[in-house]
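Both complexes shown next keep chain A, but they swap its partner, so chain B is in the first and chain C is in the second.
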Partner chain A sequence: MLSILKSVSLGEFLQRAGSLSDSNIWIALVVDLKDIQPTVEDLQDTIEVFTECETGTVSGENGAYELIDRVADATQDYLLLWQFEFWQPEEWRTFDTLRSRLDKGKIGGLLILSLESAYVMLTNAPNFASWLGANIYTFAKDAEMLTQEEVEKRLAALREWAGKSDAEVITLAENQMLPTDPEYGEWLILLNRGELLEQQR
Partner chain B sequence: MSERLKFFRRLMAAFESTADPRRAIEKGYYVAPPHNLIAEEIAGRCALRPSSAHLLFGGIGSGKTTQLLVVRGRLNELEDIHAIYLDVSLYTDIADLQPGALISIAGLELAKLLGATDDSELQSSKQIIEQIAYGYKERRLEPSLLTIARAAQSLDEPREVVVHHKGLLSTLKLKTDSKLLKAFTLLSQSVSQNSEKIIFLFDGLDRLNNPQTFLHSALNDVLKLEREGIGAVIVGSIPAIYSADRENIEQFASYSYYLSYLDPIQDIEAKQFFEHIFTVRDREGYITPEARELLIAYSGGVLRDLMSLTQAAIQGAYVDSADTIEPEHITNAASSLARSKLIGLSDPSLEILKQVMHDLVFYPRTKEAFQLLLTGHILEYQHPERCFVVHPILVPLIQKLTSSGSYAVNS
Partner chain C sequence: MSSKDSWLNICAEIQQRYLEPTLLEIEENSRQFWAKILKCLIAASDDKLLINNQNEIRTLLKIAKSEVIRKKGYTDIVGGEKNQKRRKDIPHFERYDGCWFDFAIILDETKLPTKIIGFNFEIRFPENYSPSFLRFDLNPPAHDNEERQMRFHMHPGSDDIMIHSPPMTPIEILHLFLYGLELPEKPRLTNVSNE
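Let's look at the complex of A and B:
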């Protein structure tokens, strides 16, 4: 059933997130339940590097009211919201009626949730869902979903775009001099050098 | 950051669908819709009769907030009217909206407008409104228990107790207090003496799906405000207008308006309106004419969907390393939005959609049917003639699901 949603790799996700203007724009990322925590940890660092903004996490473990309050108090430029798995329909309905309080002008964020939670959200929070629009994706954590041919094609496009070789990009990353365009993050992932992303902070 | 990324971010910013509509109006992006010149109509009627009450209904993403902001702009151009826009959901949990809550929110705004005052009566009124809104503690002397129960001598002393009065804007309940209306009246009279008629524009109540709460809390307050000579425009949700209380609800307000969607295919003026939106927001034409046409058709006339689709298509073009937004980007964006809209739909809801697609008629009677109207899965058009259609973006996917037999998407 995950297949009904558009699946994005980390690289594509970074590009999409990086193309967003500084605004009240929200994205939902649907991942396997067991992957939620590691995804939050990975994305917090990676987004910080490639969107050039301070990123914070906000937990929904204590319900919608507390989550909304913590979003209101947060000082970071971008927020990762997670731990929705215990939310019942009523909690999502509360979240929906309080939607306006999420709008902090130039700050948006990302909800990381399981498919089950996504169903409950989309059924019970129609006003928030209208904010999400097409920005709901499933997450292919690594780029394995691409065939080798697709990886080569994309790498060739990136080389042409930047006028750089793979080796030059790796050297830039090792020396922490990688430009902050999201394409470079995707590039490292396609080269199986995703570990270099963490050195860019 | 590359110039290309900067360019795409600028283009994305021009099609923001979730930002405060004030930003779009300030940037000159507002285009008046055809037929439903609702903002002008409300503003005109309020100008003639400032203490009247108006109800504005519409589905999610139909542009109600934008209309309210345009009304505010028009009214505030008049020297003797002061229109105040308020998103009620920023003040209180609207799911638990209490009678008196709108009056107390309006009272808080009047207190702000009034500013510092030496008048003790006005000071007291401001304090009463704040206390009723936010709650307060009170120490009281209670009669001795002996007086009450003729009990033992040791209980013969008066006792001081702390009484907690929960605020109307808190999630806990408070009995409606006549003090509130009295204090509000005093403040409004004082503000009106300063020459201006006050009109409140209450937004956010379209998320209040319980018609009873809408009737007994929100509309009752608006009626009381009207009696005090204060005008109000209030937004309501589609389930409220289609509920059994519809007559009651409409009786409450002087005027009611329905912001229907615009048919982007059959209605020529509507199509021109959507084309104008692109002219204003994409002056250089990075979105090709063919792509624009597809976007307009897929949007179904839902403004927020038009913006959301356009942004998704721009993102797709960016990821594809394209320089312009072409029809294939629109098709991909439409597929993503359609899938997002379809998830979470129950089997009965899908049955209704299928039936509307097949029979081309729709009589909303059930909870599911109201919900489909609210969320824009089913769209109501009023021009060139009144009709209901399934959102065009969903049609191919529902046909595919139906023919493949894999019907339940929420199991």
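Let's look at the complex of A and C:
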């Protein structure tokens, strides 16, 4: 089942979260284990800006009872639940039994799960899985970042515009002789040499 | 003092007056700032002011980073592909009335708060409209004194003419491009020929 999940980027997710704010809709997002913490940070940062709702995080590290209590007591408009990686099947069964306490009227949220914890959830919390319905996605990490191909395309346009090579631009920057047009600043960032901007001041 | 020196002093005063440090400091980190811009563009698409759909907007609005430690470094937020030759076949944002634009914003997150250190925003008007474009440039900080006097400027339809820009933030310029600069149905006839 997990292999057929739809993938969403950060931008797509923000739009979904924006349209679902003020509702008791829960979404599950499946993220690579190593990316969970930065994803939680990025989501918390951006959901608040995009939805203009106060957003809180609730950790599952102390088990289902404490997580559900903290969700019930939370005052924020949107909640990110995470740290389910140590939950055994029994914890998810408890969570499933207590799921009605997630019904907070106009407050919904997001569960951030690794692939493994998503599988354990779907197997052991069938009623909550049914509540999620189609709202379970895999996360297309970094879809908002320029791809290497896009970076190359922009660099090619800058080289043609200035009649200079990347090496010439770096040498100019190292010698504090870089022209001040903003295009040169962008050029250094695309070359991952943003620190040279500091030397131009 | 020569007239030219007086003008350069005036330029420096104008630039200092307009470039209050607070104008270029923002509360958001780069990804939050990207989300703020995305929200503006999506809203304009929902309102049918932009003809780009939401998928296109997400494809056009991207981030590039140059950082050693996560969230500590320099970021480029780009809206639309690089288009130095003003070719309309290169992907861009387009308004319902045929005006089209792109932009790039450079952020410095090496120290808090995040600082906007450079950008260019350029809107192009439909064919045969005068001026043909309007560009706002904030040049990154430089040693050169003369450069500093015209760091934040705009080009009203010519790459060779630049005047000080009013103290507008990138979000304000984006709103100007989306909701301002309306094309009049009947342009004023100020350039009536003597014939």
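As a convention for this text, the second predicted complex is superposed on the first by the 139 of 201 C-alpha atoms of A that agree within 3 Å, B and C clash if a C-alpha of one lies under 4 Å from a C-alpha of the other, contacts with A are read in each partner's own complex, and residues count from 1 in each chain.
Assume contacts are C-beta pairs under 8 Å (C-beta built on N, C-alpha and C of every residue); 3 or more make two chains touch, one makes a residue touch a chain.
Fair warning: this is a prediction, and the values are worked out from it, not measured in the lab.
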Open item on the list: Just checking: does A:Ala157 make contact with chain B only, chain C only, both, or neither of them? Give me first, second, both or neither.
Closed with: both
Open item on the list: A:Ile107 in the overlay: touching chain B, chain C, both, or neither? Say first, second, both or neither.
Closed with: neither
- [ ] Considering only the touch criterion stated at the top, classify A:Val49 as touching first (chain B), second (chain C), both, or neither.
- [x] second
Open item on the list: For A:Glu195, using the defined touch cut-off, is the partner it touches chain B, chain C, both, or neither? Pick first, second, both or neither.
Closed with: second
Task: First, second, both or neither for A:Gln176, with chain B first and chain C second - done: second
Open item on the list: In the overlaid three-chain picture, which partner chain does A:Val71 touch, first (chain B) or second (chain C), both, or neither?
Closed with: neither
TODO: Quick one: classify A:Ile4 as touching chain B (first), chain C (second), both or neither.
DONE: first
Open item on the list: With both complexes superposed on chain A, which partner does A:Thr97 reach: first (chain B), second (chain C), both or neither?
Closed with: first
- [ ] Considering only touches as defined above, state whether A:Leu79 meets chain B (first), chain C (second), both or neither.
- [x] neither
Task: Footprint overlap on chain A, comparing chain B with chain C - done: 12, 15, 18, 157, 161, 180-182
Open item on the list: Show me the residue ranges of chain A that touch chain B in the complex, using the header's touch definition.
Closed with: 1, 4-6, 12, 15-16, 18-21, 23-26, 52, 65, 93-94, 96-101, 103, 105, 118-123, 126-127, 129-136, 157, 161, 179-182
Task: Interface residues, chain B side, partner chain A - complex - done: 1-2, 5, 8-10, 12-13, 16-20, 60-61, 87, 89-90, 93-95, 171, 204, 207-208, 304-305, 307-309, 311-312, 314-315, 318-319, 321, 333, 335-337, 339-340, 342-346, 371, 374-376, 409-411
- [ ] Spell out the part of chain A that touches chain C in their complex, as residue ranges.
- [x] 9, 11-12, 14-15, 18, 38, 42, 45-46, 48-50, 143-146, 150-151, 153-154, 157-158, 160-161, 176, 180-186, 188-195, 197-198, 200-201
Open item on the list: Under the stated contact criterion, what part of chain C meets chain A in this complex?
Closed with: 28-29, 31-32, 34-36, 38-39, 42, 54, 58, 61-68, 70, 73-76, 78, 81-85, 104, 106, 108, 110, 117-120, 137-144, 147, 151
